[in-house]
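Paired with chain B in one complex and with chain C in the other, chain A is shared by the two complexes that follow.
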Partner chain A sequence: MSKQSGAVNRKRGLSDNTKGMVKLTALRVIVYAILIFLSFLCLFFFYLMIINASRTHADLQKGFTLLPGGNFIQNLVNAWNDASINIPRGMLNSLIIALATAVLTTYFSALTAYGIHAYDFRGKKLVFTFILAVMMIPSQVSAVGFVQLMNKMGLHDSYIPLIVPGIAAPVVFFYMKQYMESVLPLDLVAAARVDGSGEFRTFNTIVLPLLKPAIAVQMIFSFVSSWNNYFIPALLLDKPEKKTVPIMIAQLRSADYSKFDMGKVFMFILLAILPVMIVYIILSKSIIKGITAGSVKG
Partner chain B sequence: MATVQLINIKKVYPYVSGEKKSNKKKGAEPEKKINLQITDEGVVAVQEFNLDIADKEFIVLVGPSGCGKSTTLRMIAGLEEISGGELYIDGKLVNAVAPKDRDIAMVFQNYALYPHMTVYNNMAFSLKLKRLPKDEIDRKVREAAEILDITQYLDRKPKALSGGQRQRVAIGRAIVRAPKVMLMDEPLSNLDAKLRNEMRAEIIKLRERIDTTFIYVTHDQTEAMTLGDRIVVMKDGYIQQIGTPQEVFNHPANLFVAGFIGMPVMNFFDAKLLREGEHYFVELGGHKVHLSEDKCARLAEKDVPSQDVTLGVRPEHTELSKDGVAAKVDVSEMMGSSVHLHLTAEGRDIIIIVPTVDMENIPRMGDELRFSFAGKVAHVFSKEDGRNLEY
Partner chain C sequence: MEKQIRRKDGSLKSVSYAKWGFIFIAPFFLVYIVFTLIPQFLTLYNSFFENYRDGLKQIGPNFVGLDNYKELFSPDGNGTILVLRYTLNTLIMWLLGAIPQFVIAMLLAIFFTSYRLKIKGQGFFKSVIYMPNLIMAAAFSMLFFTLFDMTGPIHYVLVENGIIDASFDFFSNRVTVRSLIALMNFLMWFGNTTIVLMAGIMGIDQSLFESATIDGANPVQVFFRVTFPLLMPIFVYCLITAMIGGIQMYDVPQVLTKGNGSPNGLSKTLVMYLNSYFGPSKNYGMAGALSVYIFVITGSLGFFVYKRLSAPYKDSARKHRRRKGDVI
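For the complex of A and B:
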């Protein structure tokens, strides 16, 4: 009897297993379909931009196509030689501002976060809440006052107002603070103090290396947002040799009818995202580490 | 190598905003939260801490969680501000001296190794900060690595080491500096039982080799008993007793120390202390035991009258007898060389340890038996405040 029932059980087990496999496969198919769709959403517009950068203005007027045109080089030459903009100069300007902002923002935000995380002082909670409250204020609200102040300080057409205020970045600070809570035991700081390390040295040689993934993530975010920043630079930068890439793109787009060339605009956009892609590729390993940090016990 | 003096040391954690108000509302009387004292000033973690530590002495601070032992160690290290009292290291007042200038080294419970540095750089870090010549740093690191048998791991990062190896590196990082005082904050707590025993032996050996003053914090009384020249037993921020392991074990100052030191814990009974001239007896369940001469002398000297007391007898100081205190067996645990009998006697749950040698039948659950104890191992504690009436 037991043999028979054992065989029946095994059979039933097998059919259950087959059902399970089918269910699992179906689930996987659905998951992959969703992932493919999301990837398509992300990548399609890059593809479209590259295609459009290779088409002539007349082609572009005709409408949408998935096939590349033959005007890629010509568009590149046209954009590069456009008299109204200086692409290398614009990219250099953007690079200077974005790099300086990214480095200073992440360093000082990490330093502030470290101050809140590692030290106990009166009003610590208040300071923390205040910094987070600043996060809620959109930059547009204070933009007019800020631009007026900068003009009065003689900082019109200067990069200082585009770099220095970025140091106070509540979002980056908050991210760093949360990250420190998961990776920085305070005993490590205590050990460094006992070992004879000063407070700044402890931060620079012990704390910062532990924050590498978070720094990489925040550097790329700061870099990209600074690189793409149009609003404040447009208000502050007037001299052609000071202008950044987003201002130049806007300038190309607003050219009068006779000079307007969409192929040139797409080419410039393509050129403009190249540095961002390079920075992303360099830091991508650290970014993935940073995004998943703290999710599992290391 | 240095003496350490702690004079009336106190640590109060002041309230952060908001906390104080809610506590004040409850009234001016100090209250207790978990086991720390809450006052108007804040939470008192350590108070009235007085201790003289001799040169090259091994002192162990022991007590349950939250008793203030780690806080005391961190105050000695300079990692916590001292709220009151004076701390001297090598005769120098160091209350306001930064940790790096106290010439101390510390080993942390969670190792606190710098994860991005190799073992070598972890150990060399403090020496580099002192700007010692490279060859001297190298010599010192290799010497320390040799002592701790970690030379083969010098190029590895901490994550590539096991818990025991990491703890060796942490100790190496401390000894490489040849500090005046070596502070250890529960260094073996993160290790498994086997490794803990091994490392305990290592620390005893290490102590012989590096010849410095040790202050060691643990909640494990076995570590305290085996490592310390003297033990400081703490509870609720107060010192309960300071003494050699032998003293603390044989002459506990109060019920807390008696219950904390020793495994299994001491048995306590409600008993009567009877005085007959210069002689003292304890009466428990109709069984009368004459206290030893020295105990009688100490009690007589303090003129202790007859009274109800809490009687303490260690499990290993009891024996089965025909005319002792009646008890019933609840559980019998065979440990090999001895049997741990969990009994109910005089309304209390107790444990007695009986050697298996000469034992024909091991008592089973439900058996009734009698046990007794000698007068020299009976401890009498005040019913009012729990202090040992002999001291």
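For the complex of A and C:
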């Protein structure tokens, strides 16, 4: 290869390089534009909700603005004291159900996962296969039998059918099992045994603390999905004082809503999603880490 | 291996511990049987019975064989088979949301993992795009209704700017209702898919990308020849779980259209149809047959998910380790 062609090559390489830099910068601009647009789309509707929750009904009828009004507190008071939709009661009901579900789901899923992870017994493989196989069956398809059975057991308008089934949560079980495989050495269990610890005590005092990160993530998820759950509770809860938040929100829609104070309606929606929003703003980092961890292994 | 040998030494010991395995999994199975398995069989059982309320009169339960299934698939007065129409509605609305969901999630996953782009503020963007996933679907839908309703602010702005006519109603137009439902589903799920796909890409051995680049592959080639094929198992898993979620679509269209799937039942989904049988008619027979139909569709999709999840646990430990080591 002659000297000259080498130089030409080098020259071309240089211009390729600058071209590449320009291209990369252009690409970056496009990527950031897409990201900002999507973030905007995700936040915009909630922004509108908060703005509208701070305006009076008359203001809302007049039109559209992107600036908050001064009626936030008044709307909050109105929504809180509404006669037909008892939102504080609904929030309390939802909170009780969601907290109880979150605790039961995570504790018993960890217990079940530990039972399969740490012990060898006959039919263990079969049990595991069974749980995997039923994991994707949605609760809606057994709703008919479920509602019938609960009515027969006198559990209509009771929270038991909304809380207790959380004990058998295949998805959470699977997450816990995966997590145990990566963090729980069985030697530790054996050592506890040598030290005379009973099996339940070992689980509660040694295994559970090791699972803390997994438990935290799954508690958040089961809390949120229970808080947001609409289909089954709507079929079981009839008494107004028993109703949960999603049922009340749906009621808002089926009522003749043109009669409503719109500022109040926006406030109802805000109150319905507020607890989850607050939890998310505080814990979003660990939540996202949790999904990432759960999905890679899945 | 070591564990097994140790167990063999004191075989008495291992027998006495086996019982604890059963004790620990007992609550799960007890609850599963009472609250899921028995209801599932009851649902199936119901599907063979005529059992509903006609005004104040209770009809049945009388055994009718497969009549409920026949009725489910027979055309109504206008000659449409409702269950198929609602299946189609569900599918269309799912696809309208899922296609952009997967395309954008794939793009974002590539952006976030690209070491050439080095996107800043990833934590912020991820937090923001994931957020709608946790929002109560019923409330989100109610919010959309209030915003897009004829008295709502978005309707107002669009009329002001002459984009739509003042008499235009988003909720009596097939295209806009379905699009709004798809938009909500998209917003609620694309962040989740992004994070899962991203985790999948990060699980791929980095040296594969490097060697492909050294061999002269451009980024597009790297994606189609290296990244995507290796991501395929996770992608398919995501797709099928999304499909199963799509079949269950309920809260959003139910609240948005007040349960009637306006206009003309064209935004009514399968689970909304199921819910309508719980109304005053309490038609448990038909609801049972419809549930079995939904179960069969989800079940066949779920089978793929099961295959995918159980693959690492089948076979030998050697295969397990290898799988864990490379793609997943």
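We adopt the following convention: the second predicted complex is superposed on the first by the 213 of 298 C-alpha atoms of A that agree within 3 Å, B and C clash if a C-alpha of one lies under 4 Å from a C-alpha of the other, contacts with A are read in each partner's own complex, and residues count from 1 in each chain.
The criterion applied here is as follows: a contact is a pair of C-beta atoms (placed from the backbone, for glycine too) under 8 Å apart; a residue touches a chain by one contact, two chains touch by 3 or more.
Bear in mind the structure is a predicted one, so any value in this text is a computation, not a measurement.
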Chain B versus chain C as contact partner of A:Leu149, first or second or both or neither: second
Touching partner for A:Pro165 - first (chain B), second (chain C), both, neither: second
Contacts of A:Ile137 with chain B and chain C, given as first, second, both or neither: second
Partner chain in contact with A:Ser197 - chain B first, chain C second, else both or neither: first
Partner chain(s) touched by A:Arg122 [first = chain B, second = chain C, both, neither]: both
Larger contact residue set on chain A - chain B or chain C: C
Footprint overlap on chain A, where chain B in one structure and chain C in the other make contact: 122, 124, 190
Partner chain C, residues of chain A touching it in the complex: 24, 27-28, 31-32, 34-35, 38-39, 41-43, 45-46, 48-49, 52, 60-61, 63-64, 108-109, 111-112, 114-116, 118-122, 124, 127-129, 131-149, 161, 164-165, 167-168, 173-174, 186, 190, 199, 203, 224, 227-228, 230-231, 235, 245-246, 249-250, 252-254, 258, 262, 265-266, 269, 272-273, 276-277, 280, 284-285, 287-288, 291-293, 295-298
Sites on chain B touched by chain A in the complex: 16-17, 74, 77-79, 98-100, 104-106, 108-110, 112-116, 125-126, 129-130, 173, 177
Residue ranges of chain C in contact with chain A within the complex: 3, 6-7, 14, 17-25, 27-29, 31-32, 35-36, 38-46, 104, 107-108, 111, 116-117, 119, 123-132, 134-140, 142-147, 151, 153-154, 156-157, 160, 187, 190-192, 195-196, 198-200, 202-203, 234, 237, 241, 244, 247-248, 250-251, 254-256, 258-259, 271, 274-275, 278, 284, 287-288, 291-292, 294-295, 298-299, 301-302, 305-306, 309-310, 313, 328
In the complex with chain B, residue positions of chain A that touch it: 122-126, 185, 187-188, 190-198, 201, 206, 209-210
